[in-house]
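Order of writing sets the chain letters: A, B, C and D. Residues in each chain are counted from 1.
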């Protein structure tokens, strides 16, 4: 027995995404954002996308390019405070933004990835953050029903991948990547280093290979991956 | 700033468990079962315990000692087929057994650990496995509401721990340990190796230290940890 | 994969039990993620071509399971879900039970091969509990049966007392409803279709009459000659 | 910890803003797991005694956060939740966002220190949204406010226009209801009690009259002399 090789070209991997797809995008700020996959998505020009991402990056970085090119119809996110374009588009009605608490977004993705349908939580009960969400009584407590979130695609940034798709992340570049890598029908990974089978110790894998569909090895990293001096 | 040392003696750590406590116990078969902590619990003799464990181990091993000593009132588990005593006690009515699907047990513990109250799933709908569980309609689908499971204590077996309680597990000895280590008010860990702060790389931690309360270093391992020849 | 057909070539020399396992091995396609149930299904590993591209999932937290090891090579921390001491392939990964079942319920399991007490012609599966006699708990069985993309049952055609396991309706408590796609037995390969059971293949030493007699429900027959395995 | 009191000793030379941060640093007890909100609260790090035993949690996936680094020492993959390039302590651990918020909601966060737009005398906190003007999303704020074992607000006593932030009721959308235990400002330390606001301490350059004038709700006074910080 052996494990199969999932490496492919970035053009082929991203070309699987159709117009109207829902796409999860890893990253919290710069670390863990798949900038190269995002650029390819801009280049290919798929339209009417729904993105799920912790934040909207900053002007001129990451998904801001997809906002600028008009490819995004809807954004499910926790915070867009560092991207004036996103705020402006939201206020102008040209971008539909759904806000979600950060840990609740993580759990909604976990539920989607784990094949669950939703979960009950007391987070946000009685605040406008849960307005319109179905409520549920349990043991005399009023709870909110948060629904599972799953997508057609996930775009993931990893530090290292082996050819089967076992992934490792670096430091706080992990963030939403492992959760999103479990919550999409087709998971596309860009990895800074692509290594042979067996090069990652089985105890050291952050995302197991069965969750991953397509792997792209990054060459030299673009400036977007670097330190942001403010 | 520095991180605090949580190492203690096994007597002190286990003595915190009172009669009537609900205790999560890691392990799937032999690997990951905290045999030494279980032996100390037998020695101290706390009564009327509710245990949550994937399986009931085998005769003369692990929680079978707690069953034999009459310390267990209730067992929440997925499978007890390898322990005739557990089956016999269940059939005789001297042990209250609640069966749970294995992945559903994992998710109930995750929900408990993550401060959620329950989740909706289609697993087991229409079978006797979900009989008596509250049902919930969502988007026209009949689902079961599974409730969060949390406990007073968790007894965890790790391969390596640093003094702050960052843990690493070996191979399939991981199983329920990381989930249970997140789902109890007081988490007691036995570790085969106790190392200094900084000895575990931050990217290589399986269970982060903030979840852990007390650490016990194991000396020479008892026979129970070894290979079982059938 | 030049040796992909060698197990079948060797099948002529097999006893019926080995033959059904070898037949079940042909359900495993290259690149699949597969969970093999305890008992007969785990023996499928021995019938896969050398170097065959497949990722075996063990629900206790392992993807990339390799063959079973002797006690002398065994790692005390490394078992499969049936408790066997196994090896791992290059590229194997360990994970916790939460991740393991997320893989199952999230749709990442292409195939599971399971044993059965009873199967019904609508695909219902009963393999976990015989009331009053055998109640060890369901383990991970429900989730495997309900959520693997394809469920194949590998089982003797009848129970120890010779009673059919393939029925119109299950009498035992269900593991999961309508989940079974195919049943491979010592006598035949039978699919569950919207119209009930459909015979696909006959075992070498079997006959149509023997299969019909041992099956507790109607059996649609293929047009033309029935293939043998 | 022989130098545990040095920050307070140095406080006499501090401006009011630095002084309130130094006062807030005294809320951090040895062995705690603490999340410091963006802005003023993160400055608390600079006021902890050298070697102080504390685990700082950053909700983007880090426990054991160390001091902020200059750009030349920064690791491009290592930031805190506010985007600052931070260091890590020996024994720090990285984890994903799911684990990070399980830590918060599961009760493993002993303390969070947060900023505020408004606080109410029943402990309600509003710090995420000013309708029509400032709506960037709540991030991890709700969960921190609702689930940390203790929530301390660190904020100027009034907003930029001099209006009180401590009110009878919040007018802005709530982050979480009834969550705040203590408010530390440039003027005072005030606790939220079942009977409303209770003054505990006055800043060195502050006065009772100044605090009362800048507070939008009734303020219970301590018996005897009011301690200074």
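Points worth noting:
Rule of thumb we're sticking to: a residue touches a chain if its C-beta (ideal position, glycine included) is under 8 Å from a C-beta of that chain, and two chains touch if they have at least 3 such contacts.
Worth saying up front: this structure is predicted, and the values here are computed from it rather than measured.
By number of C-beta pairs in contact, A-D leads over the other of A-C and A-D. Centre-to-centre spacing of chain B and chain D amounts to 35 Å, using the average Cα coordinate of each chain. Between the CA-based centres of chain B and chain C the separation comes to 30 Å, rounded to the whole angstrom. Multi-chain contact residues of chain A (touching two or more other chains): 103, 107, 110, 114-116, 121-122, 169-171, 202-203.
The multi-chain contact residues of chain D, meaning those touching 2 or more other chains, are 62, 94-95, 98, 101-102, 104-105, 147. Taken together, the chains touch in the following pairs: A-B, A-C, A-D, B-C, B-D. Looking at the complex, you find that chain C touches chain A at residues 30-31, 33, 45, 48, 51-57, 62-64, 66-67, 88-95, 98-99, 101-109, 147.
Within the complex, the chain B residues that touch chain D are 1-4, 110, 112-116, 162-164, 166, 182-183, 185, 196-198, 200, 202-203, 205, 208-211. Against chain B, the residues of chain A that register as touching in their complex are 103, 107, 110-111, 114-122, 136, 138, 141, 143, 145, 147, 168-171, 202-204.
Interface of chain D with chain A (complex): residues 58-62, 71, 74-81, 83, 85, 94-98, 100-102, 104-105, 135-143, 146-147, 173-177. By the touch rule above, chain A contacts chain D in their complex via residues 28-32, 54, 77-82, 87, 90, 97, 99, 101-107, 109-110, 121-124, 126-129, 159, 169-179, 206, 225-229.
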